[in-house]
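Listed below are the structures to be examined.
Two complexes, one shared chain (chain A), two partners (chain B, chain C).
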Partner chain A sequence: MTRLFHRFLQAIPTLFGITLVAFALVHIMPGSPIDALVPPDASADVRAQVIHIYGLDKPLPVQYVLWLTHAVRGDFGMSIGMRVPVNQLLAQAIQNTLILGVAAAFFSFVTGTVLGVLAGLNQGKWIDRMVSTLGLAGVSIPAYWLAMVMVILFSIQLGWLPSSGMHSQGQEGNVLDLLAHVVIPAIALGFTPVGVISRMVRTSLLQVVKQDFVLALRAKGLMRRQILWHLLRNAALPVLTVTGLELGYLLGGSILVETIFAWPGLGGLLNSAIGLRDIPVIQAGILLIGTLFVLMNIVVDFVNSAVDPRIQRT
Partner chain B sequence: MEISIHKTNHKEKDFKRDVMDEIQENTQTRRSFIQKLYSDPVAWGATFWIVLMIGTAVFAPFLTPYSPVSGNIGNRLMPIGTPGHFLGTDEQGRDMITRILFGGRMTLLMGIVPVAAACLVGGALGVIAGYFGKAVQSIIMRCLDVFYAFPALVLAIAISAALGPGVRNTFVSLPIVFIAPIARVTATAVQQIKGLEFFEAARVSGASHWMIIRFHLIRNIFRPVFAYVSTLIGISILVASSLSFLGLGVTPPTAEWGAMLRSLQDALYTQPTVAIAPGVMIFLTALAFNLLSDSIQDALDVRS
Partner chain C sequence: MKKWMRKSLSCSVAATVLSLLVVGCGNSASTPESKQGSGGTLIIGATFSNLPNMDVYPDQGYEGRRFVGNQLYDPLIIDNPNTNSFDPGLASSWESKDMKVWTFHLRSGVKFQDGTAWNASSAVFNLDRILNKNFQYYYPQVAALLTARTKEITSYQAIDDMTLEITLKEQDSFFPSDVTQILFASPTAIQKYGNDDYQNHPVGTGPFAVAKVVPRQELDLVPNKDYWRGAPKLDQLILKPMSDPATRYAALLSSQINWAEVPPTETIPQIKQKGFQVVTKPYPHIWAIVPDMSKPPFNDKRVREAFVRAIDRKAMSDQLLNGASIPADGPMYPESNLYPKDAPAFDYNLDLAKQLLTAAGYPNGVTIAVNMPSSGSGNMWPLPMSEFIQQQEAKIGINITFRTYDWNQIITQYRAGFSGPMADANGIAYSLASGTLLGDLETSFVLKEPQGSDIMGYDNPQLDQLVRQAKASTDPAGRDKLLAQGWGIVQSDIALLPVVHDLNLRVLSPKVQGLVTPATWFVDLTTVWVSK
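Showing the complex of A and B:
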């Protein structure tokens, strides 16, 4: 527990750095959010008024401190483009991104584990080679292109699954409808981690198989299926770590996939906010993703040391 | 007397033989890296594809009669296999093969140049961090930690959005993404070398920092750093094409595979097959670099 607390303390300077990066990046951006609000033929007076309302006329350090003190209290201001509190936008978006992310993580974890176990148990045979080829293909394929190909195939040609959005018209809250919408984006997003996870499962399994306790289990007369259970439990740790790290990839990849499927999540929100130069939304979005990623790494660390106490010593 | 002279001679010979053995052993492992790569069919295949891509990229203007930026709008969205346009035409009637040949230039550049640039900066930072003790290291590494706080793609998108679209800005944002991980790998490698005896010996003998870094350090960290850096080219290609796909990288009308997929997105319902070729090209090129990197890691014996 003290270790976890210590990790959180260590993360504070990093989080501070993230706020600086989020603030600085947005203010180097070319173009002004005002251009999206004020018609080009508006008088200089009107422009100045709008700039004043959004506090964009204050010196940058003052703007940063104001933003930071509000952000610490969980207030990210109003979206310039949509006139809605940023919190409200982000809360909705992160929920939708989590639905997609969890579906993708579930897909990649299950598929990766099954393929990795198959490859590890059949080392050197054709199935092993198939899985490693698939893994390399996974890390080489652009997720957005895979998404396009799947839309062409399953939505346009075969008409099995919807091609965009999260709900059909008037079907909000229908779980089956949501599932139908999430299948293609989740597979497109989760395909790259499948390769990484299956590779890790295989390596980890092969290392465990060599250990003495496996021989002991065999000598004890356990059946193959029972031994496999022991193997998996012992091979799980590095796999958990990799899965945790891949969640970060999913967070990044979701920006692309959400754009293609018009998925109303964080990525889609950020992408449109970048187009509109909607400063409060972009800042809060970057801050949120960075913070989530840092927290996720801490949790992965913590779970590791909880599952395997040996790690604490190093 | 004679015997003792003979003895020392013998010892000297022994010593010489030892040294010769060692040198031979060294050259053997060195040669075996090349030999291992040479005897690896996958490395050959990947290298063949990369060389082919470089060749077609360089000679693109001589390989096609069409222009990559202007087309005949009357011939828009022709299917694959049309005479004169083997891969069809895009939404502005431009020849797809031409666009793909010219697009390969951007993709290769955006795969290799950012990684090379990040390697120089990140490598230098890593050497400084690893070599000059704890205080320097923690300052550099804490600063780089901030870049670790974002997934690579998010960081690339954020920086590109801040700098605005355009090829030149992509060449700024991509290296920034890779600097932190390269610096970390380099610093770790330096620390491992630092504990070895020959390193201490060089220090005691009074060699300057620059001498030690140049002659003892860089050569010895080359293998692990090179192996790691080789994995980044495939990633760089994918991230760069993603940026173009989002409209943050290459701007139209320049041909680039990711940007082609972006502009073809709206044409999917009319002519779905046009989206195949650019994606396959990104996939195969990233795959070739990833396969080659795998072979290099195997040959260097530094599987991570």
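Showing the complex of A and C:
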């Protein structure tokens, strides 16, 4: 418990750093939200009035402190572009992103692990070479390209799956309908991690296989299946770390995929907010993604020490 | 005026792949003739990345106004999208003897969708909301967006229950086109929900009413059965934000939508082959390079002429953009009644262009820098278009460095002009809705910042005189004749380096019927229906 507590304490300066970066980034960025709101030929006093309404006339340090004191209380203010509370926007967006991210993570973790184990156990054989090729393709093929090809094949040509959106008309509560919509984007998004995870599983497995304890287990006369279990547990550590990081990527890095599939998630929200220079939304979005990353790392640490008790003692 | 091009994340690589793969798998069908009918659900894939807010000045630029503002609300005077002419709206007639005091006779028998009566007091309520700082429901956020349209207004009052009078600072015969931009909301709804929350419960007099909002995913509208111009034919109208062109194309082909705004141009041949309706028509728009005429080389008209003559604008329209544009000779598009028929056209002519450049003192060519936006629907397809221009200009020795910025940043640069952060640039690629409003000539070519957007350093006393005359003119035909002359002066001075006029490309399923191809950026959806 104390370790958990310490780990969270350590995260505080990181989170503080993220708030600074999130705040600074939007103010370094050229362009002003006022230009997106007020037409170029509007008079100077109207412009000043709107700037005042959004508090953009205050000095930057004051703006930061105001924002931070509200943010720690969970209040991110109103979206400048959409004039609704940022919390409401982020809550909807993160929910949709989680649906897509978890589906993609499930796909990439299961597929990546299975492929990696197959490759690792069949080192040098055709199946290994095939998985390696697939892994290379995974990390090299851009997600948006794969997305388009799958849309052409499965939506346009075969008509099996919808090409974009989260729901069909009037099917907002239908889980099966949602699943049909999530398949293509999840695969497109999860294909890169499949490549990363399968290669990591394979490498890790090959390293573990060379260790002495495997020989000892064989000498004890354990069955192949039982040995595999030991192998996997020992090979799991680096894989879990990578998976944690990939999960962070899936949650925060899906702007392209969300845009292509008109998926109303965090990436798409940030993309349109950046276009509008919607400062409150951008700041809160960056902070949210940053926080998710930090939390993900803490979770991975704990899962790691649960899998391998040696870590706890170091 | 220039905010209507929403930033979209374009994936031209993906779109190309898409179009290549789709080749040869088309089942061709002929476009059915539209006759009579009604009903059906129209699902529009729009280019905005989010649903526009639904107050009287929707965001997401002019596209928000096209699909939300004009569907929920009406102005006093309608700029009829079918004809591009002023039609009576919530005012059944209007008049002004001196172009300074304007009287609007309000349409009787009209009700807002919540049953509130439309009359002079509801009109004054709406004007108070954007003009009267002491009014309880004054709303600066919307007022700011409308200042450009309302800045000439000094006072307004209800003469009687159905008559509204608006007084301007000075004579302004352009005022009717400003009036087309001011929409009216139900006072009852604004009082009930308050200014901030009103946009979630919008109530207008328009052809459609909001039925359901799925945030960021879709907006469901139903027809206003009591619409004063006649109920729309559709059963349902659904708007979906789809910012990527390839997404809209795929959604159309997989029948998720039956109306796609601006698909990738390279897909046009396949779309036609597959039997979809490709809809294009000229409307007020120009894609141009805005030159800095205060410094070399564009301070010399010969260089500007050489630049324009070096671009094969026909090839750009027909081949690069697959017919989604027409070549431009000047800022005004040819179908407009303000088009200057006698103004000189600067046809594609490489030899002449080279001679002009040499005569201007650049026999060995010249190197220039041009800033451009990365995307945006009104901005058309800036990346391939700028590459095309770059290759063409290189032939006569004008070497262009195009520098890409996102749309919001280009707006900021444009505001600041060539003395600001763009000081090292010789031009800016920009699209203008030239001719949407009567005042566009004045705003773009006469008035300098901050009243207007003449950032070119362009000055022509003859033009200034003409515009003053037109503005004070009490005769609309005379006014338009003067304006056409003015547009002619701008064209022969080459105050903008014209490239192409956009044609408002959209693609419809063969089942979508009854559309009158719009002559403006906006569209009338009341005539449309979708067959089974």
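Everything below uses one rule, namely that the second predicted complex is superposed on the first by the 286 of 314 C-alpha atoms of A that agree within 3 Å, B and C clash if a C-alpha of one lies under 4 Å from a C-alpha of the other, contacts with A are read in each partner's own complex, and residues count from 1 in each chain.
In this text, a residue touches a chain if its C-beta (ideal position, glycine included) is under 8 Å from a C-beta of that chain, and two chains touch if they have at least 3 such contacts.
Here the structure is a predicted model, which is why all the values come from computation and not from measurement.
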| item | value |
| --- | --- |
| Simultaneous placement of chain C and chain B on chain A, clash or fit | clash |
| Contacts of A:V294 with chain B and chain C, given as first, second, both or neither | first |
| Chain B versus chain C as contact partner of A:A262, first or second or both or neither | second |
| Partner chain in contact with A:M82 - chain B first, chain C second, else both or neither | second |
| Which of chain B and chain C A:N271 touches, first, second, both or neither | both |
| Comparison of chain B and chain C by chain A residues contacted | C |
| Touched partner set for A:I18, first chain B, second chain C, both or neither | first |
| Which of chain B and chain C A:I28 touches, first, second, both or neither | first |
| Touching partner for A:V38 - first (chain B), second (chain C), both, neither | second |
| Chain B versus chain C as contact partner of A:L68, first or second or both or neither | neither |
| Partner chain(s) touched by A:L136 [first = chain B, second = chain C, both, neither] | first |
| Against chain B, colliding segment of chain C, chosen among 222-230, 312-320, 438-446 or 474-482 | 312-320 |
| Set intersection of chain A contacts, chain C complex versus chain B complex | 30-31, 144-145, 148-149, 151-152, 156-157, 255-256, 259-260, 271, 274 |
| In the complex, chain C residues that touch chain A | 1-3, 6-7, 9, 11, 13-15, 17-18, 21-22, 25, 41, 43, 49-50, 53, 59, 140-141, 143-145, 147-148, 151, 196, 199-200, 214-218, 238, 240-244, 246-247, 250-251, 253-254, 256, 405-409, 411-412, 414-415, 421, 443, 447, 449-453 |
| Residue ranges of chain B in contact with chain A within the complex | 142-143, 145-146, 148-154, 157-159, 161-164, 234, 238, 241-242, 245-246, 248, 258, 261, 265, 268-269, 272, 275-276, 278-279, 282-283, 286-287, 290-291, 294 |
| Contact set on chain A toward chain C in their complex | 30-32, 35-44, 46-47, 49-50, 53, 78, 81-84, 89, 92-93, 144-145, 147-149, 151-152, 155-157, 159, 162-169, 172, 255-256, 259-262, 264, 268-269, 271-272, 274-277 |
| Residue numbers on chain A that touch chain B, as the complex places them | 13-15, 17-18, 20-21, 24-26, 28-31, 136-137, 139-146, 148-149, 151-152, 156-157, 248-249, 251-253, 255-256, 259-260, 270-271, 274, 282, 286, 289-290, 293-294 |
